[in-house]
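My structure is below; once you've seen it, I'll send some questions.
Labels A, B, C, D, E, F, G and H are assigned to the chains in the order they are written; within every chain, residues are numbered from 1.
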């Protein structure tokens, strides 16, 4: 299974990763990060293919993807 | 016969009119004008057709042409 | 396990000051990837410009000098002429490059300065609060075109890549976008080519990247991202406008 | 007896300071003829530039303001925007328009300023003693390109008419020469059209005139005149690059 | 009389321009003055005017030169780095005797500096940052109301003396809001038909220029300008002087520094001291004479500026050794509190006592 | 020691630059300084350097900023209007502490003015025509030999103090020929490896910039620069003083004005008067202290300038009322003869007597 | 009397609006007042702040390095501005956005109020900043609540005028809760 | 001693060359000297002039409004510069190019010499300016002819060095003819 590392503090909740994940694995959480945003979280880890589209679309380099 | 008026004092002896006159009517004179140039003169008045090519080519608006 | 994606090495490990969803971050990352790819981190001197990307020197692990607004291509010319062995790039916004810096980019291009130019077109002056830029779309409302940009008053948005591609001194010119995975791939490739152009001494490598400014467009990040394909690309067509191979140089 | 040719009325009856055989005089005359033809002498405000044509205000019987080097299109913009009923033209050399004034001409064109531009390209900085201009031909020796202009060092000569013709704000763009009776006729026509473009509110009317500078080319007037056809026209092709009819405006 | 509104300083300038009948604006965005073009881009089209966003500050000043040469009231505005770029154009306008308003909402320098308030461009404004011997009118407001009032005055003086005028404010005055009372000037605009370009109809053609190549012609032009400047100095110097008999020390400050200093002075006077305040409203012409007169009464001065020492030279040139001149400077990136200036004054008084 | 050649002042500057190891020139043509780029365009390619004719003076100063940020000796040159255009760039270089040489061969102003000699840019050079609090080194040669010598010194001081340096000459000094003795500086170039950009290899990355947004950061930067300036003032002020005991009057003049004035002073001394001469060689830093010391001896001063009064302010700031300061100004378009200055001095002496 | 307060928080929290309201309220009360917003690069990254300075004399500096009070709508604002508060000052912390903050400083009174939560209870989370302002104003006493209420129509855009009653409610709720704190 | 002379004429008449020669000659004689050419717009329209200032002290101004002498190689140069000559000054008029000129001024000595004609007689009309210089130098006596002759190799471009003898001849012819005038 691919490993997605999410640097939550860096997330600005723009939603681009959520929008572009082909497997709908991501969603914005309810909590706040120190910047005041609701950071993204992996809600569907099993579906994740490690395609790294989320990582590439993220303007804030929040993800690391391994597989 | 066409009438060519040459404002000699304005001539800078560039020779463009001489070069382009289709009838070879013009030449630079030996005398000096107040600017220190040898102004152009009409040496072949009979050949002049009043085509005004000399006047148009002259950068210093030396000629007036009537016919 | 293999790393499929990680932060490029030459990108300092800190957070960007950019607004949520702003493409500047994405473009910074792509440039950092090119620096890593060509292993030029230790020989690079960049000329930062003035715009939302002014803090470039905080984000790249390289030597940087700050340029006055619009003058980065001249600053880069000075660097490169005095240091032909260094890798020199500039990163400029559309106000910076297409307005105040018009003469500098055109003449650096025309002289064939061997530098790489990343041109970030977000159709507004982002940093100063969203005023009209020469690239602002017709009808677009900005803080200084409150009734929408009007041709009769302000002219049409200017297409810099087309203009520069004509100049002999430009070795590579392309317009790309980063609004979709597919466009991103091409953008990455274009930036790599613009790097290679300099490394191979083939004149200016120029890449225009269409970019969002959700804040000053008054849009959410997703909506802004969609505007790129819906409104910008039709007027600013993507593609490689010039790619000179070694032989037709000179 | 009919007058076939005489000094245009709006040309002050005085001698030019230009060097022998310099085309500036010819071009001045053509512009004066257009002023007479369109009867705009009394409504014209010109923005003079800095170059050998700096004394324009001594030669035309019209109101003139002097512009800083390269900035005439901006000065003209200010005049025209505040006085849309006046006829406004600028007359600029190639150093003035294509080097220091690059941004001003491009943006006046891009905004579609309704002004007329006479651009006199003699491939050098005439007034300052013959330094290299952006339009200097490859190989041409000037006081600052003593070994001849070299692409690798200085880039190719820039073609402004082609560049400006692309911009939507330009209603008319042509390149002409005055080195032969035939070319003169076309030049005259082009200048008339550039005047008409403004009068009919169709954006910028732009005419590039290829021009000799016998003094700084180190040539006699006749030889210089021949260089236009022999060297310049092949690189700077004559022709009308753009002519917008009323309907395709906007 | 209109009710007061709560307005930004920048907007006060823009509104004053409209009230003064200025219909043409040429400018390029820069923080912290962008409210001015933003406001005017909305308003000018509606009054038959033109708002042109120039491609650069250089283009903007030259558009102003063009419009001004036709006698139309027009303006540009910018902030420090942008004003540096306008120096060639300002020198041309001065040399060609073309009126026009230039607003400088000063920010921090040198270089890119920052966007916080500063008075670092005093020398540039008053000594001519451009080349050659010339001066421009420089008005230094200290409140949002003065941003309005002095903008109108600047247009009037500029037209009257055919020289460019500058409103020299800063980020503090530009960005802050205060109550503003708007008013419309009653005075008719100066008649410019005797010199402005309008097409050579029924009269000799006109040349507006700064090039003078005839023997001695330029020297004569420069002397003529100097005479003109002497007249302006005599007639148009404006200064607010609050100095009472037996004044222990007078603080000299303009614009935002004057506001901050004033609080300190008030506090000291409340505490029973006798501290005076001198606030130049025109910084060119500078109130040399007025300050010299105070110096002759042996009043010492403390000059307070948001820089490392610029106007203090003018104070010293006024005083010329007649009394003591001290300086307290606060370069940008940091704004002093009235308390700090209070301390500074107290120190000086202690030394004296 | 090389034989003397008969050389133009402009060429002397260009040759000095090459002798100083300057390999990079960036500039835009303008009369009366074009000999400098013309000479260097022929020579630099042969010494492995680069001559770049920029598209404008603005581009040129920014190319200099770029080259200077990498620690390379480089220069630009221009004349008055062109120098006005460089003001933003100069402010950036000063704020970013980037060395580099700027030559101003002054011509007539304001505006397009003319191409005759002038000293109208003194304020611009010494007070900062750009925005913000900064100073640059300004050296004022008075002979063709000094055009050479001071160009080399300017490079050295610029490197040493990491600040831009200007050679402030004029059309007279630039266009005239005089005997010149060329020499090569022995001193090795300053080591710039501790700050110059060269690629972040084996060390932390470097940022050369003037933007400081942290709280108080910019104020600190400005204070640091000021301290630096104080050091330069203490160590690098240069002035030629020829004043003897019981001096009746001292003429203060720099550059070409000093040459003309000197002839008048010599004539008066030949006639048995005791007239002194003070010639600032650095006009920033200005010899305030030296002039003040003379003023303390109650020596009156006559300041002579080719403008309507600029350096005279610095003289008055030096003197601060200690003695009398008079002024004789000759704006451009007209050059005074030594005889006229002779008359001027005589008039003053008569008044005194 | 000279009272300078810094109000700070994330963009979108209505910071500039409550700053303006406080200022115009002060004017209505017959005091002198200046309002100084943050601008330019400071606003990138989604934070906003402003300084309101109120005086019965002419106002001197509209900005300050040692405010009399701070309204901190989130954690970073506490961190940035609270340490600058002078002796005898007042700090309001919106604990909804800075739950674990335990800032304290000698001579500084701290009000901790879960403004978002209170606003939510009032039926509109957007009223959080009004709650905060009400609490701050109520406690420091420089501007009376009634003048703030009077100023609302001038500060709220026309289309929000229908919300004036709920804004008043929020101001009052804040004042009341702050009052109860000690 | 301070001697300032303006030399003026049409472009191509060798004005700057004789100015330079006079200057370097003065240096060879051990005097101080400056040379100041006309430049820029002044040179458009084909005229040229220069000022040579010679002194046994340091030279002050290299330009002057009242020269000690003028070498006028054509009519316009007489008109422009002759009136400026100071008391005791010397004017050389090349009558070949200013045949009808009858300029005179109290205290100014005028030499009228048909330089082109004399040069033509010497076999090279281009030597007219050398004739003029010879005449001027001979008459005013500030620089001895032999130093001018010595300076010729430094002023003439290498390829014209073969013409040094004829240049010397021209200088001498000028000096002789000027001498004979009175």
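Keep in mind that, in the parts below, a residue touches a chain if its C-beta (ideal position, glycine included) is under 8 Å from a C-beta of that chain, and two chains touch if they have at least 3 such contacts.
Only a predicted model underlies this, so the values are computations on that prediction, with no experimental measurement involved.
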Required steps from chain C to chain F (each step between touching chains, minimum): 1
Winner on C-beta contact pairs when F-H is weighed against D-E: D-E
Interchain centroid distance [CA atoms averaged], chain A/chain G, Å: 35
Between chain A and chain H, centroid-to-centroid distance (C-alpha), Å: 87
Whole-Å gap between the CA centroids of chain E and chain H: 54
Chain B-chain C separation of Cα centroids, rounded to whole Å: 59
Sites on chain F at which at least two other chains make contact: 31, 55-56, 58, 81, 88, 92, 96, 111-112, 209-211, 213, 334
Interface hub residues of chain A, defined as touching at least two other chains: 12, 35
Junction residues of chain G, two or more chains touched: 40-41, 45-46
Touch list for chain F against partner chain E, complex: 58, 80-81, 83-85, 87-88, 91-96, 106, 108-114, 116, 118, 120-121, 123-124, 127-134, 209-223, 226, 307-310, 313, 316-317, 319-322, 330-334
Residue ranges of chain F touching chain H (in the complex, touch as defined): 6, 31-32, 115, 117, 172, 175-179, 256, 259-264, 266, 334-338
Interfacial residue positions of chain A with respect to chain G in the complex: 12, 32, 34-36
Chain A contact footprint on chain G (complex, rising order): 10, 45-46, 74-76, 97
Complex contacts: residues of chain G adjacent to chain C: 40-41, 44-46
